[in-house]
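What follows are several structures.
Two complexes come next, and they have one chain in common, subunit A, joined by subunit B in the first and subunit C in the second.
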Partner chain A sequence: MTDNFTSLLSFLPQLWEGVQTTLILTIVGSIGAVIIALILGLAMTSEHGWVRIPARIVVEFFRGTSLLVQLFWLFYVFPLLGVDLEPMACGIGALALNYGAYSAEVVRSSIKTVAPGQWEAAIALSLSPSRRMIRVIFPQAWALMIPSLATLLIQLLKGTAVVSFITLSDLTDKITQLRQSTNETYFAFTVGLIIYFVIAWLIQELMNFLERRATAALGRSRPNSRNDRRQARRDARMSKSTDPGSTSIAGPNSGNIGYGGPL
Partner chain B sequence: MIWNWEFAAEALPLLLRGFVNTLIATVVGTIIAAILGLIIAVAIRGLPRWINWLVRLIVAFIRNTPLVVQLIFVYYIFAGIPGLVDVPALVIGFIVIGIHYSTYMSESYRAGIDSVPPGQHEAATALSLPPVRTFTAVVLPQALRATIPSLGNYAVAMFKDTPFLFAISVVELVTSAQQFGAAKFAYTEAFTLAGIIFLLASYPTSLLIQRLDRRLATY
Partner chain C sequence: MPPTENTPTNPSPYETAGTTAPSTASASVAPSSSAPPAIEFKDVEKSFGSTTVLKNLNFTVAPGERVTLIGPSGSGKTTILRLVMTLEELTGGYIFVDGKPLTFEERDGKRVELPKKQTRAMTTRIGMVFQQFNLFPNMTVLDNIIEAPIHVLGKSKDEAVKEAKALLEKVGLGEKADAHPTRLSGGQQQRVAIARALAMSPEILLLDEVTSALDPELVGDVLAVLRDIAETTDITMLLVTHEMQFARDVSHRVMMFDGGQVLEEGTPDQIFNNPSHERTRSFLSSVL
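Moving on, here comes the complex of A and B:
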């Protein structure tokens, strides 16, 4: 066992290289996926068929064909078409397209789930369509989509393991190397799986943080915050003023417009 | 455009032969995952706290680590057992995929069981049905109704993950496409056809599941 740890210690720099490759793929791939998801997801909510239908086709195409098919297409077929891509670019491209398509569906359904009253209110206030989306609808949809995006992000991290098939030396590749040099299958793979698990856990924590922030921005979280307590006191005062005994004549500033009697 | 119909015609039978392995892995994997997922979901409810915690940790661990790495890991484990001669890679493949997805499916079962109104449970208790019968005859049938569409979605996801069996050299659809492409230098035809086959199989299935979802919806 101590042998294993000494060889792990000497292998650490290489392992770190592999972790870096995996992290770059995950981070750049997920940024690409989010950009693709926003574009396609918003396009799929469009009223115009010529925007919505092509976006839907692209999404179904990349969801329906497997990640590995897309990766091999970029890696093997693109050079034949005269486009030479670095293996790293192939990996990032395939991950971004595949998970971008899955996320686009999340973006679309979250936008559709925002309460219709919010849309109507934004229209009633005559906000321009872009302002309506950016200031009213999207912040609410964003809070809804984060949990699903977190799941997909972890799936993307797991998906990065396939890049070892296209000559990239990521964490998975380094694990098999470690296994070869130590000849200890259990040890090498346990170390590797734990590293993946820790990265996934960090992603989950990050996304939980983002979700807390997003819901806090909407004023929905932390029911015991100072603002809520202030609001509760105000409500209590209001209800006292609407007491039927004290406000038989409702003045303009009494807070209950058009209501004379008990609620 | 470099597209050779002759290569395409030559590749298709090979790809379809590979596709048989893809289907076997998907179907057997789904059966394993559906059964094991239910066992996990039920076990998590009934077990004492510390084992429960351990089971959850293992489930989270399998869920959040790459399937590819798990496949290679188990492949080497089987290769390292001296008495065991030649377990086919396909068998290792569907076992590992099945276990991997059982961790997802257990979540669906859990949600399904939680969605059964508590009154059902109470009514069964009031009728003094034994606990096992309460679960199998009252709670589970109602839970399954809510669970089945989500199991179907995972089956489709599993189908799209079967190319990962490439890692342990199972000759499924994508592996056979890769082999054909390398032999004839006809990657365009091989991978395009592989993609089309995937699309033709998975898209109608997802539509069916959507319809099933609407049909089985209780509300």
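Moving on, here comes the complex of A and C:
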């Protein structure tokens, strides 16, 4: 076992290179995926068929084909068409397109989930369609789409492992090398699992932070959040010792009740 | 504690108001005017799929007139308000606001839809208050009110904020400018929604069952605000309500709807005290 850790220590610089490749693919791929998701997702909510239908076709195409085949297309077929892309660009492109297509559906459905009354109030105030979306609908849809986007971005992280097929040496590739150098399958792949898990956990924490901010902006908190439970305990203690008539009309914990209209 | 009573002791006109308001809220004669009607429905038809809600509907509302639509559920009252606010598309006919077409016009004998921008320019004269308030939860109370005056009417932020604060004072919520809509009671939210609609200086105000979603003890505050608007402004109002006493007090005219048609219309006195149709009588006896 000590031997394993010694080999791991000496292997660390290479492992770090692999982690960096995986992180670059994940971060840039995620940014690309979110941009593609926003463009296609918003296009799919358009009332104009000439905007909506092509966006729907693109989404269905990239959702319905394998990430690996898309990657091979960018890497092997594009050069035949006269377009040479770096392996890293191919990796980022395939991840962004594939997960962007999945996320576009999340964006579309979240926008459609915003209460119809919100659209109607925005129309009643004669806000322009872009203003309606930017100021009223999207901030509310954003809070709804974050949990699903978090899942997809973690899947994107795990999807980066396929890039070793196109000569990129990512975390998975380095782990395979570690296994070969130590001859310890169990040890090498356990290290791999742990590193992927830590990166996934960081993504989840980031998305939780974004979700807390987005829901706070709507005057709500996440259902059954830590703060809610703390507040509920505090309320329980307070109600024993103070006059309940002194609380505000909306109630001390009204943030969880909703905001007038249906969600 | 927020105020529970909202009856201003010194009712000065709203900033959005003209000065030709009737002296009492219970005026029973519609303001006469040679100007074109504030709202005109001409041969209006509205269907949802195969269900026809309104058919060959014709009526006008004079500038400054307050008209209450009553009738059984499903008689098309709310649809009329939503058509004026362009929340529903007209199936047939025309709607005119201040004599100008709203969504469709007749050109060379053909019914032609107007460009969306033109329609939106028309709707800036119209305000609507909804049953479910529909405040934007991602904005503070103040931001809810100033959003459209700044971005639609092109007012400066300072001006919009000043007017918004004056309106919030009027509806008894001066101290709630920075509050989040979710932190307000239903009645307070509805009063903010009224302030938001008034901030656009509408010529026409559409009120769609604005007290129906409120707890009974909160209805009074909202109605007090609306009575005050009726007394101190000359905004044309088209309202759908189940508050018959309120309708009787503020309306110049009451229209009874049934099956998408005007069954009868008249002053509140005529309709509530002496309805000519049996259908109106039975409807009123069921709600009064």
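Operating definition for what follows: the second predicted complex is superposed on the first by the 221 of 263 C-alpha atoms of A that agree within 3 Å, B and C clash if a C-alpha of one lies under 4 Å from a C-alpha of the other, contacts with A are read in each partner's own complex, and residues count from 1 in each chain.
Following the convention adopted for this analysis, contacts are C-beta pairs under 8 Å (C-beta built on N, C-alpha and C of every residue); 3 or more make two chains touch, one makes a residue touch a chain.
Keep in mind that this is a model prediction, so the values were computed, not measured.
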First (subunit B), second (subunit C), both or neither touched by A:R179: first
First (subunit B), second (subunit C), both or neither touched by A:L193: first
Touching partner for A:Q140 - first (subunit B), second (subunit C), both, neither: second
Which superposed partner A:A217 touches (first subunit B, second subunit C, both, neither): second
Partner chain(s) touched by A:A124 [first = subunit B, second = subunit C, both, neither]: second
Touched partner set for A:T113, first subunit B, second subunit C, both or neither: neither
Which superposed partner A:S46 touches (first subunit B, second subunit C, both, neither): neither
Which of subunit B and subunit C A:W73 touches, first, second, both or neither: first
Overlap of the subunit B and subunit C footprints on subunit A, listed as residue numbers: none
List of subunit B residues in touch with subunit A within their complex: 2, 60-61, 64-70, 72-73, 76-77, 80, 160-164, 166-167, 174, 177-178, 181, 187-188, 191-192, 194-195, 198-199, 202-203, 206
Interfacial residue positions of subunit A with respect to subunit B in the complex: 60-61, 63-70, 72-73, 76-77, 80-81, 154, 157-162, 164-165, 172, 175-176, 179, 185-186, 189, 192-193, 196-197, 200-201, 204
Of subunit A, residues touching subunit C in the complex: 115, 117-118, 120-128, 131, 135-136, 139-140, 217-220, 248-250, 254-255, 257-262
Touching residues (chain side subunit C, partner subunit A) in the complex: 1-2, 85-87, 120-121, 123-124, 126-128, 130, 132-139, 147-148, 151-152, 180-186, 188-189, 193, 196-197, 200, 213
